[in-house]
Amino acid sequence: MKLSQSRVLLGALLCGMMANTVYAGEVNAAVAANFTAPVQQIVAQFQKETGHTVKLSFGSSGKFTAQIKEGAPFDVLLAADEKNPQLLEKEGLAVEGSRFVYALGKLVLWSAQSGYVDDKGHVLRKGGYNKLAYADPKLAPYGLAAKETLEELGLWNAVQGKLVTGESITQTYQFAATGNAELAFIALSQITQNGKVTEGSWWIVPAHLYNPIKQSAVQLSAAKDKAAAQAFLTFLKGEKAKTIIRSFGYDLP
Amino acid sequence: MAIHAHFTLSHPNFSLDVKFQAPAVGVTALFGVSGSGKTTLLRCIAGLERATGSLSINDEIWQNERVFLPTHQRPLGYVFQEASLFPHLSVRANLEYGYKRIKPAERKVPLEQVVSWLGLEHLIARGDPAQLSGGERQRVAIGRALLTSPRILLMDEPLSALDSASKQEILPYLERLHRELAIPVLYVSHAMEEVTRLADHLVLLQQGKVIASGALHETLARLDLPLAAFDDAGSVIEARVAQHDEPYHLTRLDFSGGSLWVGKVNQALGMPVRARVLARDVSLATHAPQGSSITNILTARITELRDEGVDKVMVKLRVGDSHTLLSRITRRSRDHLQLLAGMEVFAQVKSVALM
Amino acid sequence: MMLNIAPADLQSVWLTLKLASVVTLLLLLIATPLAWWLAHSRRWYKGIIASLVALPLVLPPTVLGFYLLLLMGPHGVVGELTHALNLGRLPFTFAGLVIGSVLFSMPFAVQPIQNAFESIGKRPLEVAATLRASLLDQFFSVALPLARPGFLTAMILAFAHTVGEFGVVLMLGGNIDGETRVLSVAIYSHVEAMEYDAAHVLAGGMVLFSFVVLLGLYLLGGKEGKR
């Protein structure tokens, strides 16, 4: 092979690689576990339209916040609450003004047995159950909302002996799904598929009983100049994403 | 015969098919090369190995088609190749381990007696078994077995793991047991020296089968057994101490076939001793030798001759009323002297080993 | 660092000690015959049992906890059994934690004891048998004392592992104060809630305490070994 030929080839190769980095970026997204299913659909759509790729990590918002403080290489955070993104913003770890509410979580009282929960939630007052599962209110926004609801209903003291605490709403769901707890406060999104709840019985807790669960997203300072990260957050605000988010049982602000 | 045993056992690369009887007193040696099945046989007798067959000791059935006494219900003493003292127990606690486990009424052997028989006083004082030498440990193990007042003592090559100094240290104790113990002993060994020194009865094993069984001196002298082909083939003569020659440092032993002069023996006159005469140390003459340096010359009658390989002949001789000598000579000597069964000859004994 | 410990945290310290002690004791009772059988059996299914015992080492704790939750739940085999026996349900109870921890720490107790039994070999037991000791007698007078170092290791590992166990306990326990909120769960909750001061006090205390216990046991073991 002639030297000039190979040089041309190498040049072409390099150009191609550079083009890739400019036009098709990569986003590392940390996502609250309750948003797993919708974000996967959103990312699929986003990747198809933009050519960017999004790498997803799922976990609890608190854990992600602690990791980001220690330099975890995430570009965006889709938290389950408002508090953690605020904290990052305050500490200068998130791009100021990038924070927005991408979904409003809906709390639901759910049982794996059909017909167990009535559509007014009277079952809570009637008693007759052994265990009521909810997520640790210190750790999970849905847990806090559950606590607020019980307090608002004046039942907080009455249920003390029956409460079982999950570390996350995922674990809380498992307590109820395995039948070990008859009742559980979880996220509506956990039992919603294509806009419908298919299993068990449930009561969608009226929004006035708890403070809104503002699931907030934020762009992290380390990814300040990353066009792909910016593009992803913009896409998350768009109509296509909103349709998907609604279909999973979330409200929108 | 007090011990009747019949066992069959089949392992992938070893099988045992053994039937033998042994007398109710004295030491019966189970002799054979390693792999001949002697240890397995002993383990079957102890119930440590489960073979099909039958076993009775003094008319007590330990095993047959319906019965299988577990080891701990068989009144036996077992001395293993390695002393196997319990490391977590003191020497005294080791000795008392079995003693405590039999009913007081069945304790026929007092602790003090065993301790003095085997010279265990200062070993007990040392406390920890780890402080004992190999020979001392084996002595404790023998004492421990005897203290269960067994009706039979099984010994599995108790000396083979010891160096020769320890062996010499422990053999006198075993001989003492032989003399004073009223129970039968089955003694597994592949060392001819131990067997000729300790045994009265010999069971010969080869590839899991009994090929000969009988009184020691008869069996040793049988020319049809592989024993006769051993380099150290020979016979045993039971004799008595008859005279000490202090200036020359010699001792005369008498038996019905005559006398043998041996190196000084530290035994009183009249004491019984066992002498072992190897076939290679006995030469033959048809006339009484004159001017020989060999002092031990016995008149003997040839009872049997058997060719050994291409150049040797084994000659079996009767000496006195019931004693046997073996002599290994060359084929040429036999033809030259025209030796035949029934002939009277002079046997010159070059050396005698005292057991 | 603030050094006053909340009563709820003290409660979880006490609960942890109780759990670890009960689990260690139960494991000794269960693991000893199991280890004995594994060390001496020549059955063809011995390998299967040994693998089952070791299996908790493979599964992530939360996964094991989830399966236990299924098993002990109202639709699980164990759950139906406990219900039929009028014992109620096991998840979210102290008893449930004990069972989960026993299963999860089983290999840590069985394997050292099994190794100890195997290294003793058959000879000392045969010697004991020829000295009139029955099987049970052989076990208590010979095998147990000779396997002492293995038991010590098993106890250390079982205790330490139960104190540090987290995934199964969290999954099975439901984090109930005074019933199932053990130390590891309490520390985890504090860290997750970013209450680092409380977490540090508990974690520091736990590390220090465990170190003292383990050191004590090792020193004891060393003395035994020299004897």
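For this structure, a couple of remarks:
Order of writing sets the labels: A, B and C. Residues in every chain begin at 1.
What we mean here is this: a residue touches a chain if its C-beta (ideal position, glycine included) is under 8 Å from a C-beta of that chain, and two chains touch if they have at least 3 such contacts.
From a predicted model like this one, the values you see are computed outputs, not experimental measurements.
Chain contact topology: the protein chains form an open path, each linked only to its neighbours in the line. Taking each chain's centre as the mean of its C-alpha atoms, the one that lies farthest from the centre of chain A is B. A summary of chain positions shows that the Cα centroid lying nearest the centre of all protein Cα atoms is that of chain C. The distance from the centre of chain B to the centre of chain C, with each centre set as the mean of the Cα atoms, comes to 56 Å. Chain centres here are Cα means. That of chain A falls 88 Å from that of chain B. Between chain A and chain C the centroid-to-centroid distance comes to 37 Å (mean Cα coordinates, whole Å). Contacts with at least two other chains are made by no residue of chain C.
If you check the complex, the residues on chain C that touch chain B are 123-124, 126-135, 137-138, 141-142, 145-146, 148.
Chain A contributes residues 60, 62-63, 66, 130-131, 133, 136, 138-139, 163-167, 171, 174-175, 178-181 to its touches with chain C in the complex.
Those residues of chain C that touch chain A in the shared complex are 66, 69-70, 72-76, 79, 89, 91-92, 170-171, 174-176, 188-189, 191-195.
Per the touch definition, chain B reaches chain C in the complex via residues 46-48, 70-73, 76-78, 80, 82, 84, 86-88, 97-98, 101-102, 144-145, 148, 154.
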